[in-house]
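Okay, so here's the structure we're looking at.
Labels for the chains are A, B, C, D and E, by order of writing; each one numbers its residues from 1.
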């Protein structure tokens, strides 16, 4: 397909790791091919689902809030809250990260609407309480971190993404657990962390959409056939979800399993720093826990206060890891989590 | 009092606080020419100030036109604002002198600033005019 | 709608700016303000803690302790240092309570005088300036010539300031005495001190001054002076005065405010200096009593 | 908005790109009425002010950040009459790389940063009144020393007679302040030396022998009463002014047929061959807001408790409460006659010495002045 | 100006005072300026919240504050104050509001009596900076978002937690040092 044929994949200048781990062999790494294959599957499924909508039906979407209350007539199964925002105001397009449907369901910005509804948009300064936005933001940060990690290392070091725990802003840091092959004991230097932070910001500034897709278990297994951890997780997730589906998210070409919801676009990520990488010993072997702290783009904080946050984010985030109970990526508790208030 | 009114009869220029050319002045010694001029209601006018500013103050030598004559005089009191500890008077007072600094009169009837003692002593040179004689005829210092 | 939708920036209001201003201007903590000169001035002297009750008329008695209200020129540290210097000077010379209209005698050392000291008696016609620059002008008629002398209140050459007759006049400035007949400002040089009974209010002399005919040094009909008798001018003068009058100025609240020191600041200032001033006054009274007591023995 | 601006600037083709602070060619005959060159900041100068946006912090959190600041640097305190911070780890003067060099007149000492407090009169012992200006040395600390070899300013002192002397650069800061109000890069300048950010920075050229360890406090006792100093400050900004105010021209008569040119300067040039306006002609223009030097001001009195210096005269440039820089004078006849505190004064331990006066200045603690009678 | 006027005593205003008054471009001179300000002061007491040009609002603010502080200081039995109120307030029923409503409202205030906000301006139309002037304690909804609402913003949540951790660490250190002391 298109994605296979064209060489879309960028070289990341900030390659990590000290010279010790650099391999001299000029093997063509299969990573790019895997990514292309995954994306191909994702594209096909997306196309299939879009075609499955069939005849276009109209739904009415009521929007309440600034700059004015609007009633829109949208397409069922195609139009997303993002499209609604585009109809209303540029300000909403820029700042909204999450939609709230009928004041109960949290909805991704790029997830098609399915029936008549009332719509409000959440953002970082949403009143009375931006709790759900914060959670979605934290989750998205973990996802972006995963995307960055998967590309940040030199070719002979294969990061295998494990998972990230349920987002907890109060823990002070967002987290991603990764297994790094050929790197048994790695303690990143300050500069390496800085490169990772810079990569996060660079990645976010490219304004990638968070695309959501619910797929069947088989397809999910197909997509993650190279990832031993995900392969294990997929059946669990599928079993626990209501309609036996697995929810996937894609930013750029990085695909990830997550229950969601996520924010709409990566450009909402403002200041960001990766503060620490801790080594964990689990039953699945050695994992590295990448930790960082970040603020949305329109939250301003002076550098001194931010440095306090950074210091706190350096401490090991005690969120459960693989041994303990279950993980966010495969806990599809839709009911309570996804409804607001 | 009456002299001032008389002066107004022929000149209506405003009272000047500065002592400069054409300022009307008051002779306060008992020299005949001075007494006469004041009594006639024709007070002297300053026609030159012997300093670089052209505006006279206490202790400065000026030339006055009095009764058709040119006479030199020393300013012994000014109307304009003065520094602290230096008196200010209601009239611009002068004492007529000759070229040697000897006063034409023999008595000064009004109070004279004490600073004048130092100023005139400083201005006196051994071979030039001796202004200190003026201090001897003063009756009252302020 | 406009108000609701867009973000407002809060600025220059409320308590924060007050705090900021105080931080800017006061370079010392409040405790330091209360007893500023304890260590600095009296050194090792230990004073009994006195709860200072500052009388409300301090601002009339010691107007020079209030700083210049011009905002650009204010600096709390300079004002404080100035006040400390003023109190130091007041410890060596008795500066009594006086007002414009009081008759005073000032003795000062004068290097030009034969006996190196002079004395001048006169009526106070003007009191100006704040801090160490404070000055006052005395006027008297000596040998039929009006004579005025300006003195700086804190000039170290001043030996003694006596108030011969403590009284106020109807106006805050008596500059019109320059245009009045000499009788109004003639005072005897050997005048005796007139004592007021203890605790009596300062009397106001309601004397109305009748000016000489024009020309004057100022257009007194425009100055709205209370102590001037009928000026006896033609109507056109009063008409012009009315044209030029600014009756709205008394309603200009901010103009008034910018000319005054607010009560809170005044309290702070007088609380700082009052204990010192009071001490000086008590000491002086003691000395006076001693003098009174000693004098007869000397004569004997 | 600013984002867009930035982009537009940087997306311009290189030929159109705006250059910031490039060298400007100036032709001048007289230095004083040439427009000040565009500011090109020295290397150590970093953007200081943070954007003043609403951070939407709750009161609790604001208090917490403040607490963290105080824990890191020390509590706010009043030291020498200046509200500053009781800095935790001030480098004591023991750690100064004191070379123990004897002072000699060729050595150049550091200067101080002061605030102009205003003026009031002082009296001399002979009863003469002089006006004095009060300058408060505000919480000065040495921030950085750049040795002569490394010091390479962007603008070379082309006309400076000393430019061949190997002088080092001493960076001095004044008035500690909360780091929350400054940019991170600016604070980094101070963190490196373990200090709190300062509100004001000054650069002083010093002989290598007079170099000081970063963290050394500088006090008013750096100078002594009777010394002469130069005071550099920014003059009061008076805006665009005519020649009468700006250059003291006399203007033209009010009457005698003069119309519409009572306050004008009159002729500005010649005819014929010289039919042009000479450069440097005094004309209307912007007045004030320039750095000017008041040379050779005499110190009358120093208050060590509040670090205040009284200098004679009221000619120091700047408004009340403005910042001025103090140097040892460059006037050859008024330089130090005896060795001054070198490289700077020690922090005095005894609090007894509050005021020190120059000779023949009236002390307010003294008795009334009297004169001896002539004999 | 070299000395303070002592003939009258005023209360300190809790706002920033400009060193000099601002000109309001009045052809009628200072009197016209006061007339202009009278209108806005009157309107402020009437409506309690106004949208004005910044210069005018800043000037009005001082006069309104002064009037209220005078009213609080002297009460309604003081004749000069009443005269002043009579001059500044054109609609006479508002004088009652000043003494009966505003004075009790502001009696115990430790802050300024008015608030001044910088208002947004619609870009092409209005050149002059706009602002909103209001009396404190007015019945309208607050202009600025409440601080209490902001405590759930992400940085406040993070700082709250950082604070707890920071304090815990601090106490731990203190107890440790205390124990060490005891051991010694």
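As a convention for this text, a residue touches a chain if its C-beta (ideal position, glycine included) is under 8 Å from a C-beta of that chain, and two chains touch if they have at least 3 such contacts.
For clarity, every value in this text was computed on a predicted model and none was experimentally measured.
A.B. asks: Measuring between Cα centroids, which chain is at the maximum distance from chain E?
C.D. replies: B
A.B. asks: If you tally contacting C-beta pairs, which comes out ahead, C-D or A-D? Let me know.
C.D. replies: C-D
A.B. asks: Report back the single chain whose CA centre is most distant from the CA centre of chain C.
C.D. replies: Max centre-to-centre separation from chain C belongs to A.
A.B. asks: Could you give the separation in Å between the centres of chain D and chain E, each centre being the mean of its C-alpha atoms?
C.D. replies: The mean C-alpha positions of chain D and chain E differ by 36 Å.
A.B. asks: How many angstrom between the C-alpha centroids of chain E and chain B?
C.D. replies: 63
A.B. asks: Between chain A and chain C, what is the gap in Å from one C-alpha centre to the other?
C.D. replies: That gives a centre separation of 76 Å.
A.B. asks: What are the residue numbers in chain A that touch two or more other chains?
C.D. replies: 125, 299, 301, 305, 308
A.B. asks: Going by the touch rule set out above, which residues of chain B reach two or more other chains?
C.D. replies: Chain B, residues with two or more chain partners: 84.
A.B. asks: What are the residues of chain C that contact at least two other chains?
C.D. replies: Each of 7, 9-10, 72, 110-111, 114, 133, 152, 155, 157 in chain C touches at least two other chains.
A.B. asks: Along chain E, where are the residues that touch chain D in the complex?
C.D. replies: Within the complex, chain E contacts chain D at residues 145, 147-148, 150-151, 153, 155-156, 159-160, 162-163, 166, 170.
A.B. asks: Which stretch or stretches of chain A touch chain D in the complex?
C.D. replies: Listed in rising order, the residues of chain A that touch chain D are 125, 299-305, 308.
A.B. asks: Which stretch or stretches of chain D touch chain A in the complex?
C.D. replies: Per the touch definition, chain D meets chain A at residues 50-51, 53-57, 61, 65, 68-69, 179-181, 183-184, 187.
A.B. asks: Taking the touch rule as given, give the residues of chain E at its contact with chain C in the complex, in rising order.
C.D. replies: 1-19, 21, 30-31, 34, 51, 59, 62-63, 66-67, 70, 84, 87-88, 110-112, 114-120, 122, 132, 143-144
A.B. asks: Quick check on the complex: what are the chain B residues that touch chain C?
C.D. replies: Against chain C, chain B makes touches at 14-15, 28, 77, 82-91, 93, 109-111, 114-118, 139-142.
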